[in-house]
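As structure tokens, here come the structures.
Next come two complexes built around subunit A: one with subunit B, the other with subunit C.
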Partner chain A sequence: MSQFIQATLYGLLQGCMFGLVAVGFSLVWGVMHVVNLAHGAFVLLGAYLAWQLNAAFGLDPFLGMVPAGLALFAFGYLLQRGLINLVVNAPIFITLLLTFGLELLLVNGLILGFTADYRSIPTTYAGKSMVLPGDVRIPFGRLFAAMLAVSVTLGLFYVIRRTRVGLAILATGMDRGAARLMGIGARHTYALTFAIAAALAGAAGAAVGAVSTFSPADAGRFTLFSFVAAVLGGLGNTSGALFGGLLLGVVEAWGGQLLPGTWINAMAFGVLVVVLAVRPQGLAGKAFYASRVEV
Partner chain B sequence: MPEMQPGVTQGAIANPAGPTRPANGTARPMHPVAGWLAGAAIVLAALGLITQLYTGQVRTVTTIFMFVGLASAWNLIGGFTGYACFGQVGFFGLGGYATAVSMSHARLDFWLALPLSAAIGGAFAALVGWPLLRLRGHYFAVATLGVAEGLREIVINLPDLTGGGGGITIPTAGDHAPTPWLGNDGFYVLFLLLAAGVVAVAACVSGHRTGYALRAIHQDEEAAAAIGINTTAAKLMAFAGSAALTSALGSAYAFQQVTIFPQRLFDVELTVLMVVMVILGGAGTIAGPVIGAVGIAFASEWLRQELPRGHAFALGALIVVAVILLPQGVQNYVRDAWRERRFSLLENVRRYRL
Partner chain C sequence: MNIRTLIVSSAALALSAGASGCRSKGDAVPPPAAATAATPEVEQKLTLGASLSLTGSLAREGGLTREGYELCAKIVNDKGGVSVGGKSLKLDIQYQDDTSKPDTAAQLVDQFNDKGVKLILGPYGSATTEAAAAVIERNGQVMADSAGADDKIFQKNYKRTFAVLSPATQYVASMVQAIADLAQPKPKTIAFISADDGFSKTATAGGVKRAQELGFKVVAEEYVPNATSDVSSALTKIKPKKPDVIIGSAHVVESIAIVRQSVELGVKPLAFAETIAPHTPDFVKTLGPASEGVLGSTQWTTKTAGSDKWFGTASDYAATFSRQFDGRTPAYQNAQATAGCLALVLAVEKAGSLEPDKVRDELAKLDEATFFGPLKFNPAGQNVAKSMSVVQIQDGRAVGVWPKDSAEAPLRWPGASPGKG
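Let's look at the complex of A and B:
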């Protein structure tokens, strides 16, 4: 029983991080109809940045979330403004290919710069954990990471719903033509949206670096997790992505306990396909219209 | 919601991706026989080329033929029909594993395993296509991606049948080999014929009623249904046909490689390469995927030799630049530029700009 609780808790903590990664992915998808295949590479950029800061200045990776997020924000803004805006009206193949090219560039750039070795950011609290009754352990690092991930995600919801910038992003996602007529600069808004998503990915990357190992080869895995979480939550539905991430984390943890081998992966993809075929609007939330973004 | 931009032709805006008119449309009438003759001449030239190549080059050109076939097969569902199938590699892997399993466990002859694998791939596509082809756009893309990844995981988790992650080896030598290995030259001819066959199928479909039905679905599915096209049947046919051809290529690839691994046979990068080749060559055309496949496969091999460490990096840069400069593909660009006497690539960049 305690093993089950342990697995569930681990899954929930892991799920919070998946959620943070998936929220930005889902936002970009919902507002711009761009599937950003380079999203996982952004996570790793954040992780390597935090690693570098830790190696050079001994900066704690959780503090490193801030510079990693800021750097990725600037990078994402420039990327969207200079490159992706050029093809944002194109059919989906084009944006998929462009972001795939970017993913190749970033991942292989990281391999050239940092080698393909697995590494992690050393912390003083890495091995320490909180012991609950029944010998259930919660590592402090993971707890921190999950709490930060959830607060950053909630912060994003506040920004999107309550600030002028966020409302501009929502409006542009709902109807770009009308938003432009209201005086919203679509190019700037798109760039901001992408920048926010990249910043969240970068911050998540720093947190990932603090609690587990990473290598450039993980980029595809993170993109795939974002995909699955975003689909489970309903494509483009940002708060759904957080729940999708939690669900994914828990299911992954349970599957590791109950199923032999890696059948859990096969099952996860099976669930993904069935959810898409039966309930394309996602498990949580309302029906999603192609031209709308739900937050 | 494409917005009107000054300085871009109307046709380009109405349907940016697709063939707004048949590939051999009114602009440049080409007699169908001329196309077939040109194709036959290219196949004969490729057969003659084999005498001029070193062994290593033979293998490289064989790979290029495989990609010509894969790109043309993907073009049926992705280019003509406009359904972004991102799980195409699943059919490739399915074909490969069907051949490997039937040859090593059931001792089936390769020449029987090849059509059997194609049939399995087509049947599987029809089965999953029935529910999935109701999805559109990104939903379809993600669902097919999930199917391909799921297939890989199933193959990994059935080690008794497929060898699991450790791979499976087809017996190709000795008395117990169902079919002896064909040799580099044999596979060169096999892949050349398979690629030519796929292109020929695409050409037949393109000129046939089905081709027009598929293009109509691409442009407006409701309108296509309204004028009496059985859209479900047409889409299923395109999907299953594309999958069967891809499975046949996967089958030949498995036999060529002898030992196959799930990580390679279900590599998402293969799907992406097919898509890149079709889009950059010209989606929904006959020659486009061939041009794209030859160009990208050649560039990829050249980069691999010139930049052993950074070739994937350079390939990424190449894709980014090509997508920005030629979003409609080489074939469509050349056709439109020739007709309108406007060759500026910068104008091209403005086409999809925000």
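Let's look at the complex of A and C:
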């Protein structure tokens, strides 16, 4: 029994991590209708920045995620205004190609700058665990990352639903033409959305660096998890990525207990297919983006 | 990943369509490299082709392999080059990135053939090597395999692929043997965690067989997806069985995850053993104190017996490597890559020709002592003359502990249990 509880708890923690990585991806997709294939590379940029800050100044990765997030925010804003905005109205195939090219550029840049070495950001606490009855363990690093994922989701919910900037983002996502008529600057709003997403990716990267290993080759894996978590959770809802991530984490954990370990990925994607068939808008998604007007 | 694949293939299609369109309009087409092969400058070189994982999931190991090849070229050229038929030829290695994908590795080897490059240095890893070997055979090229150890590659009657390294079945078996020979008190139970790629599975099978022969009880045999950084499911299943030893047959990233997540989940065996990871610098760097006491199998240590005219002994090689690469100690992946290059150099010298058939025949007959140990191939192309070594991380460094005659230090047992962290 404690084995099952352990697997479930660890799966939930892992799921929060997926959610944290995916939340920015989901935001950009939901609002801008851009599937950002470079998202995984943004996560890695955050991880390497936090790693560098730790190596140079001994900064804890959970603190280092603030400067890493800010740097990614600026990077994301400029990238959107200077590059992605050029094709934001183009068919999705073009934005896919552009972000894919961007991913290649960033990943190979990281290999050049940091080599392909596996790295992690050392902390004194991330590997230690809280011991519950039945020798069930909750590792502190993952617990902090999970708490961060929940706070980020709540914070994003607040920003989107309760602030002028957030409402502008939401309105632009729903109907760009109408938003413009109401005086919302679409270009700035898009750039801001992309910047927030990049900042969240950067913060997620720092958390990944603290609890796990990373190398430039992981970019594709992060993008894939984000994709699955975003689709599972549903687009257009700020909590979608977290729910999607949690489902993914728990399915992987239970799948790993009940089936041979190599079936874990098959299980995860099997659930994706089932959710899409039964509830195409995702677990928490609302269908309002489907009816949006492109002007 | 499907979306990416779709995009890449669409982009490739679009590009190739564009490129062929240009040519059909009669634009100047650069001459193929083979056409320039007759010029005197090219004639003075011994050109080897290397398709390597410079990006993708095996970029780290591919990078180590490239360093080994580069060192080989540098030393050979510094010492005057390879003497072929009275002339000294400079070694020129052409690198291409196979992005850690077998089909790309095979295409690149084919492209080398189109350019007239017949002598090939192997890619990193069994999957890419297996794909390349089939093309090598078809094209009449010759490959010195420096990092493809899976026995499956050598069960297909190929005549043109020669592996300088010990076969995959030895990776885990050698560690089981070392534990049986050296560990006191002798542990009783072993759990195996294996990645699900061909090489790791073959290595695990060899280890399980040896463990049963030596009287160990195998309490678990868990498989995890290749290149995953989350092995928690396997560890959660293993934990209640309380194995004395956990042996991981996997690449660097899974191996790090096994030790790291064991600490997180409170899995505390007497020792961990991992096939290839402990010998890479990243293992100690990323795990820190948790890496203490972990055993690893290695193709080579600085105490490996044998020497050759190019690199001297194993410790000479280590010194040369260290001078070349900022004082670093060579990983065995570096050494085996250099050994692969050395095998081709020796065979070309003996053949006195760059003719692939002659080089192949000399490789098949090769029986040389080198810094990497003996280079001698069985009819399948495997180097069964050399044995593997087992290292243990002691005070942050991988030191040889088995076999006893080339050990640098005695085994510390139980290995400092990472569970204490």
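One rule holds in what follows: the second predicted complex is superposed on the first by the 277 of 295 C-alpha atoms of A that agree within 3 Å, B and C clash if a C-alpha of one lies under 4 Å from a C-alpha of the other, contacts with A are read in each partner's own complex, and residues count from 1 in each chain.
The definition used in the following text is that a residue touches a chain if its C-beta (ideal position, glycine included) is under 8 Å from a C-beta of that chain, and two chains touch if they have at least 3 such contacts.
All values derive from a computational prediction rather than experimental measurement.
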- Message: Which partner chains sit in contact with A:128 here, subunit B, subunit C, both or neither? Use first/second/both/neither.
- Response: second
- In the superposed arrangement, which partner chain does A:91 touch: subunit B (first), subunit C (second), both, or neither? first
- Message: Let me test your reading of the model: by the given contact rule, A:224 touches which partner, first (subunit B), second (subunit C), both or neither?
- Response: both
- Does the superposition put A:33 against subunit B (first), subunit C (second), both, or neither? first
- Message: If we overlay the two complexes on their shared chain A, which of subunit B and subunit C does A:163 touch? Say first, second, both or neither.
- Response: neither
- Query: First (subunit B), second (subunit C), both or neither: which does A:108 touch?
  - Reply: both
- When the two structures are overlaid on chain A, which partner does A:190 contact: first (subunit B), second (subunit C), both, or neither? first
- Message: With both complexes superposed on chain A, which partner does A:151 reach: first (subunit B), second (subunit C), both or neither?
- Response: neither
- Message: Residues of subunit A that sit at the subunit B interface in one complex and at the subunit C interface in the other, please.
- Response: 35, 93, 96-97, 100, 107-108, 220, 224, 227, 261-262, 265
- Note on the structure: Touching subunit B in the complex, subunit A uses residues 29, 33, 35, 83, 85-94, 96-98, 100-109, 112, 175-177, 186-187, 190, 220, 224, 227, 231, 235, 261-263, 265-266, 269-270, 272-273, 276-277, 280, 290-291
- Residue ranges of subunit C in contact with subunit A within the complex: 1, 3-4, 7-8, 10-11, 54-60, 62-63, 100, 196, 222-225, 228-234, 236-237, 239-240, 252-253, 256-257, 260, 263-266, 281-282, 285-286, 288, 290, 421
- In their shared complex, at which residues does subunit B touch subunit A? 1-3, 16-18, 78, 82, 84, 86, 128, 131-132, 134-135, 137-139, 141-143, 145-147, 149-150, 153-154, 156-157, 268, 272, 275-276, 279, 283, 309-310, 312-313, 315-320, 323-324, 327, 349, 351-354
- Message: Which residues of subunit A touch subunit C once you look at their complex with the stated criterion?
- Response: 3, 6-7, 10, 14, 35, 37, 93, 96-97, 100, 107-108, 111, 115-120, 122, 127-129, 131, 135, 137, 139, 141-142, 212-213, 215-218, 220, 223-224, 227, 252-253, 255-257, 260-262, 264-265
